[in-house]
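Structure first, commentary second.
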């Protein structure tokens, strides 16, 4: 432990800690900076975070200094203000000041620092400025504007230290120095959009988000990526019912500060053409859109055999559904005595893992499903349940896209009811398709492959007539004369914590980094004893 | 600079590689090859530096000795041989002024333009050279032989105006002296 | 002011407003007042041309350059809008009457331009904040057009082309 | 039988004349109100509406436009109104305003051969009382309107109208009573006859001369009864959002609107009849008028000629001065009017030259006298109607407590005093 004095106030920190972080902890806000990033090696190039240290004649940059016991640091003297302003002056000397067309405006470090420390008269005419590349696509998803760059080297450090792909570099020197991709290269790795997040200014902007929406109109909802089992924490930026972009949310336990491009761009699916917006029922000429009452009437008729008695039900769960939805489905199935088939075909939805974030399992909640007692299923199990006296209920599962035999088998069922978000392959085969809310539109939990339960929050409202899957399940239960008594995911979560073992960690609430669930023995159904002995937190 | 290089890169695969009669191969380390004595020097360089990154600069010098300038494809070859990122190689090439990515000609006339030489009349010399050779500043003549370039101080302030051609200094320049030198080089070819 | 229903003092107002003897007999004062109005009437009957009233549609008021009339969009030399769709005006607008969709512009010197630019003139409060906010001098309210009339609400939602071409005949196109 | 039919015909004719006077004066009053107010306030006033894009008549076209507008406006009946009284009220107001006129004589009896035609619709022997009765009735329309509208503002307006009416009815009655004492009759025609006398040989014995205080009291009370400024509290826009007619629209509103002006005209007719000699031409009794009909008619004709030519010159000057300013057909208006005035001047001139009006016979002289008397009556009525407007644009509105105090504590004692003094004087003179 070491004590330092920051602006006259004592602060406890670790000996040898990075001074920048120590000051950030002491003051509650960071020093002005462009190049410092906690997950990247220190570059010390922007010179903005200068502080005065007692006994050191000249101001030093805090990001490249280490804490020493008894160190006395001053960050708010006139001298520092003057130094920072002059440094900022250099940064802005050849900046094009094209904030009106710049997507970074509103979340731009240059703008912020200028308002805090600048406010001087510019000394260079617009005509005298050095001109560099503008509007240069350097990759599938990233646009470069070299004039706006402050040469903080975050992007080059990211490509050389994190992805180790080395696409980017700083070329030329002096006034003419600029970032770019190396000749013949493009910024095309799966993490390229992280450079856009890293870029403190508008030099690197996302071609996906470009000009779509001003950032100050975006609302931010913390959520979790549904792209794979890693469960990267992300922020959904949305406005007026439309998601405009997703950004990684720092969580050192899961994804550090990063997120893959694939996961970021997943939000496009939310607004796809083939999003299921109203209930559909199968008709001769193809799916026909109907209202909920008619859809439920159709479900009712499917459930009623010719003789008048109620048919059997088999349910298929999904690793794309939230914990609450899966729990609701489980209780639904138990309540009406339905056969529980499982959450996915063995091995389907597995892709390639990389060594950074992407998991081979491309479903977000396989671990959650497993912990709730669902198992993976084989085409055989589907066949075993198939009979003309059974109705198949599918929750958010597009297994038909992965198994051709399964497709054939579906016709053996008396009827297929699918609760889904899109008009996908399974939905095409359904007798009744019911639109439910997607991961971005509902609250819920995903459990990632390491057993960390993380919260989703509803960001946008979703299609007007879509309902939450647990609500639909409750209503379907009512059709079968069964009252389940839950109304929303929160009620189900309470029920889950109260009734099932292994979820006790949720009882005290979840913070933004999620909570690690108790370890369970692999593949086994959760028993009371295994739940109590775990202790992974 | 990046634009130029992007334009230049495709030529490596097609015309340039073919012109140099190097066997077209998938292995980028075999795109070019040094003469035996430079190959020996290369070995020395690699051995001398603790990391490969440090070897980039002398390696590039070696290339420039071999071919006079960094022909298209050479930086890539350097990166492949040293197993360093190509971006690092280009960062270095673009940072330093004496790595040539364009052919500087047989005789690269580097006239000092710093204060001592300038006061002694280097500006006139430069202008005279350009006029005589029919080229602009930093331009190579049509035959690829002469190029006029202004450089910063070369440490011969007492002998200005001066210029450097290759590794030779020519001092106390006058227009006549320059004319003579050029005539001589023209004769030498 | 608390007023009493008793006594002329309370009625006549403040302490300094005590009526003189002649004034207390209202009829004379009424007649004097009527004389004043009649004087105005007679004078104006024979000097109607010097009346300060502006015969509005026939005579146009001269207003200063500070008048905030209907908006217009400024053009570049090539006729395209100067606007770069930075949304500053839409952001500052207290009436939320401006909606802009941005687009990528292919021209070398223009990076961003408005794909659509709509102003709902019925919502607009003519505060001029959009003009103040515009960093490109792309929107002005100096047309001097302050009379807007149309047959439908839709006609008041004016688009990019309308604002660029700035026709002077009200909202009606 | 035949005689009765003729009698009926004459009565209908008189009713027609009466309606023509009121309804003809209505638009003129509305015009005078708007234009007069404008000129008093240094404005131009209405001048936009035109006929054929030429004739604007200084805004006289506007009342027509107003009426057209009101006719074609949507007739809204608010929810919760008492439908019967709601629809009845405006008609009540208008009908009462019109019927009050019935007892007012507008000329001396006309002798057509052996027939005597009284220029009065109904020659009641209690004419003055009829007037008092009818004016009190008019408040019913307002109260009903206010109550039936199911609107608290309207209701307050109606209540105000009632209490105002009660307070001032008293003063009005006392003022009239004094006049009755002075003239010794309650018949309207006899009252007018009385005012034809000359006092002391030079002063017309008009009510205003005989009863100066009574006149003032009556006039003030009349303003209050007609709900005109400064006593227009029942509609007090600032506090009652137009009071009793807030909930009326379209033609029903128009009826209220017109009734107000009809009341003004009737009120003006009553004042001029009771206090300004009615149809009497001052210093010229009926006999005198008939005797000197020739010179008088000649003088009038010459006067009309001169006036026509003056107007011709004025319109021509106007045309010259304002040509090119508007740039459309409206500029032709003064020119056309000038031509009309010029033609009128020529016509009257021709009348004087060729018809030789000084050689008028006695039958025509009688007609001339009647016309002159009707003219005199109308002139006085128009003046008092104008007085209503004039006062409105001069005086501010009373506060309600001021109104009440004025009525009960100032006017009532004065009216009583006036009554007793008059009675005493009459007693003295008669004994």
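So that you can tell them apart, the chains are marked A, B, C and D in the order they are listed, and the count of residues begins at 1 in each.
Assume contacts are C-beta pairs under 8 Å (C-beta built on N, C-alpha and C of every residue); 3 or more make two chains touch, one makes a residue touch a chain.
This one's a predicted model, so the numbers in the text were calculated from it and none came from an experiment.
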{"item": "Core chain by centroid distance, with centroids computed from Cα atoms only", "value": "C"}
{"item": "Taking each chain's C-alpha mean as its centre, the one farthest from subunit D", "value": "B"}
{"item": "Distance from subunit D to subunit C - Cα centre to Cα centre, in angstrom", "value": "43"}
{"item": "Separation of subunit A from subunit D, taking each centre as the mean of its C-alpha atoms, in whole Å", "value": "85"}
{"item": "Cα-centroid distance, subunit B relative to subunit D, in whole angstrom", "value": "113"}
{"item": "Cα-centroid distance, subunit A relative to subunit B, in whole angstrom", "value": "50"}
{"item": "Multi-chain contact sites of subunit C, meaning residues that touch two or more partners", "value": "none"}
{"item": "Shared interface positions of subunit D, touching two or more other chains", "value": "none"}
{"item": "Contacts with 2+ other chains: residues of subunit A", "value": "none"}
{"item": "Complex interface listing, subunit A residues touching subunit B", "value": "133, 156, 159-160, 166-173, 180-185"}
{"item": "In the complex with subunit A, residue positions of subunit B that touch it", "value": "1-3, 5-6, 8-9, 75-76, 85-91, 94-95"}
{"item": "Subunit A to subunit C touching residues, read off their complex", "value": "98-101, 105, 134-135, 210-212, 214, 216-217"}
{"item": "Complex contact set, residues of subunit C against subunit A", "value": "84-88, 91, 102-104, 111-112, 135-136"}
{"item": "Subunit D contact footprint on subunit C (complex, rising order)", "value": "5, 11, 27, 30, 33-34, 36-38, 40-41, 44-45, 48-49, 51-53, 55, 58"}
